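Labels run A, B and C following the written order; every chain starts at residue 1.
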Amino acid sequence: MPTDTKRVRGPEVSQSPSLFLCKTAAKKSTASNDARVDGRQRGQVDVRSVFVRCGLISQAKGSAYIEAGNTKLICCVYGPRETERKDETDMKSGRLITDMRFAPFSCRERGSWIQGSDEKDLSLMLLESLRPGVCLQKYPRSQIEVNVMVLENDGAVLAHAVTCASMALADAGIEMYDLVLGCSIRQEGATYLIDPTFLEENGCNLASGSRENLGSLTVAFLPSLNQISGLQSDGEMGEDTLTGGVRTCIEGCFKLYPVIQQALSKAVRRKAPPSES
Amino acid sequence: MKHLLINLVSRGTEMNFVGFRSDVRTLDEPTWLTKNTMAAGFKTAEPLEYHRSFLKENCRPDGRELGEFRTTTLNIGSISTADGSALVKIGNTTVMCGIKGELANPPVDAPNKGYIVPNVDLPPLCSSRFRPGPPGERAQAASQFIADVIESSAVIQKEDLCIVKGKLCWVLYCDIMCLDFDGNLLDACLIALLAALKNARLPEVTVNKETEAPEVNLESRRSLNIHKHPVGASFIVFDDSIMIVDPTAEEESLSTATITVVTDEEERLCALHKPGGTSLSGEKLQNCISRATTRHKEVRKLIDKVIQSAKTPK
Amino acid sequence: MATVQVSEAEKVYILHGVRDDLRVDGRGCEDYRHMEIETEMVSNTDGSAKVTLGHTDVLVGVKAEMGKPRPMVPGEGYLEFFVDCSANATPEFEGRGGDELGMELSNTLYKVFNNRYSVDLKSLCISPGEHCWVLYVDVLLLQCDGNLFDAISVAIKAALFNTKIPKVHISEDEEGGKEIELSDDPYDCMRLNVENVPCIVTLCKVGHRHVVDATLQEKACSVASLIISVTRKGTVTCVRKVGGGSLDPESIFEMTETGKRVGKALHAPLMQLLQEEESLGKKRQKVGFLG
């Protein structure tokens, strides 16, 4: 393994204490089957209430912070500035660059500073989801950088990253066709869990104890154009479950829409106070 | 739908301690300058002259006096996935520290000690001057500085981290991440580290006599023993002569030298960091140290207050 | 990815063709190009297959190695995917040029196999918590002519079908120490059940319709594609939107339906073909790379 000389190094191997949990205390299943651990109902479009704020980061062109349950994300947008890659054949439209990372302390198991392949995959999904919403042809020969940092991962990070990044883009004054909103669900038996927490996402609360993946789905949605800009699912599910899931996610996005709109208009008002005349 | 909105508003008010606090006092430029459109052009074209014109009047572009720190806010324990966490804002500069404990074998040369692994990261998110990829010079220097302060001040005695001599010990990963880079990184990192360490609670570990495997009880957690409280104060030298405390990123870029003084509660010097730059008279250095000791008291008070208010149920 | 430039007139021609269910090469919207499959191409792997789809050419090798099970699932083995975009396929992949695409492909493969049914991971376990089989699935792109995902998934299914994992026997000595013995007989091996291994169907939205197995020209006319991995029974294990554009919810529903239909229809002849080839045994005529 290559040694990292640019950081303060610790021991070669260290293990998370969660691997050594006392067996007696490990399993404590909640008796009631109806409500979820955080009190929401299964099978209902009951997204976690979100706290959103724009323009927190002074150095960035635009920034946004989102908090849904314990999931906390921050996003900064830099640019448009001159593109770094000169070899691009198509210079008529701008380039969108996304970078999504997890802070080392954001997950239950400590993560590495080095970007893993799942982070690269999430960055790519974020890019795919955002690109249809941004008027890139208005920014020829330039690039717009979107950086997302997950401060705490409590499930549905990709969905919230999409929402947060589109808010930051709007806050940066980048021209967009529409906001992009994200929503996730996880299928559990015959019912579904919308906006799942980390434990629900990993199937830890199943009574049977099996970590069966019955289907996880993330949708990125442009609400006023009624277009889906990003779609990703894994786990085995039937076609009707899938289409039903997509519909539920769209419904979830519409629940989020007014909250995001309100936060954005608040940010705009703060930036340019109405003229006193 | 309506209840979601109400929910949001009420969340917003209770956010002050659990999430971000952005209602920091805004320090505006003096009105005679902001009203003037010439001033903005002056600022970008001749930044040095622009700053000089303020310093001549013994004040700074953001309205502070030369020896004045920006408003410092702190909140702790907002990240539940970390064993301890803190978010510090000094003016615009925002730094977050998360502490995670893991289990490992103690070092061979010191079987009764544990590890503390501090790392500072400056992601491209915090400023346009940083690129993605491995840590740059700035981040490496900051990591090393924090490691040195931990080593020399003995915030935590590494012996405390040993669980079974030669067999098992704690590794404290102190990951410090800058979210908004507007100067004075080191001060913010130190406060974040100290507050996060004070906030940290490690689960109880016992070693099973038969299997010799560690057993972790997440229900009972203990806080760490903090032996010393190192707090830093940073200064820059402007035009080889004027000393300014708590510089912004712009001031840092115009400075001729920077200096960071770290003191503990007994007014003793833990670390002094002056990477290059113009020389400094002993008298000026003495001034820095005495300013650092008063700063220490202010920061201690802030940390204690925040920890106290986090303990009392809301 | 390898792309071609298409002029406006060509675009109109392709779009009109697709509208009338007649594509440039004479296919209908839901038809695949000619596909050739050959298994056991590389002798030093445990299973391998080469798939040619139009001019797209992929080689998949599967190697079984012994490893330690993941701590969270001690009773199961696991699969590792790696996609190598060699500069053979297109000069764009030279140096690190193919890394991004390789990462995208391998990450999608992880998602496709992220469920309990695709491969019986429990059968890969040797002794719980200590030893298991790790299947390294290495994909090599030899030529790119569109529709990489589908070709790769078919090749993986064929290679997994072809994979022979040696049987191991665990013996215990008096002190409780365990010893792993590998069977001496090279024919004494375990086969994987690949019935539930999904195939990927990529649907390209061209105009108002969508086409299966798009060529590079057709891909250049499309704004977005949907990758759907379908099992034999018609269940979906992974869906992913790729490409810069967005899709109407209704067209996504239509596309998943088509994907399901096409995918189901793909499985039966594929399995039949693989079994036929297997039954030929040594009499099978080898084609090789130059065939």
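In this section, a residue touches a chain if its C-beta (ideal position, glycine included) is under 8 Å from a C-beta of that chain, and two chains touch if they have at least 3 such contacts.
As the structure is a prediction and not an experimental result, all values here were calculated from the model.
Student: If you average the CA coordinates per chain, which chain's centre is most distant from that of chain C?
Tutor: Max centre-to-centre separation from chain C belongs to B.
Student: Which chain has the mean of its C-alpha atoms lying nearest to the mean of all protein C-alpha atoms shown?
Tutor: Of all chains shown, the one whose C-alpha centroid lies nearest the global centroid is A.
Student: Per the centroid of Cα atoms for each chain, what is the distance between chain A and chain C, given in Å?
Tutor: 28
Student: Report the inter-chain centroid distance for chain B and chain C in whole angstrom, where each centroid is the mean of the CA atoms.
Tutor: That pair's centroid distance is 49 Å.
Student: Which chain A residues reach two or more other chains?
Tutor: none
Student: Which chain C residues qualify as touching chain A in the complex?
Tutor: Chain C residues touching chain A: 71-73, 103-104, 106-107, 111-112, 114-118, 224, 226, 231, 234-249, 252-253, 256-257, 260.
Student: Where on chain A does chain C make contact in their complex?
Tutor: Where chain A meets chain C, its residues are 19, 117-118, 120-121, 124, 128, 131-133, 210-213, 217, 222, 225-239, 242-243, 246-247, 250.
Student: Residue numbers of chain A touching chain B in their complex, please.
Tutor: 4, 6-11, 13-18, 20-22, 25, 49-51, 53, 56-60, 65, 67, 70, 72, 74-76, 78, 81, 99, 101, 103-108, 110, 113, 115, 145, 147-149, 151-154, 255, 258-259, 262
Student: Quick one: in the complex, what on chain B touches chain A?
Tutor: Interface residues on the chain B side: 1, 4-5, 7-8, 11-12, 15, 19-20, 22, 78-82, 85, 92, 94, 96, 98-105, 107, 115, 117-119, 121, 123-128, 132, 134-135, 139-140, 143-144, 147, 171, 173, 175, 177, 179-182, 203, 205, 213-219, 249.
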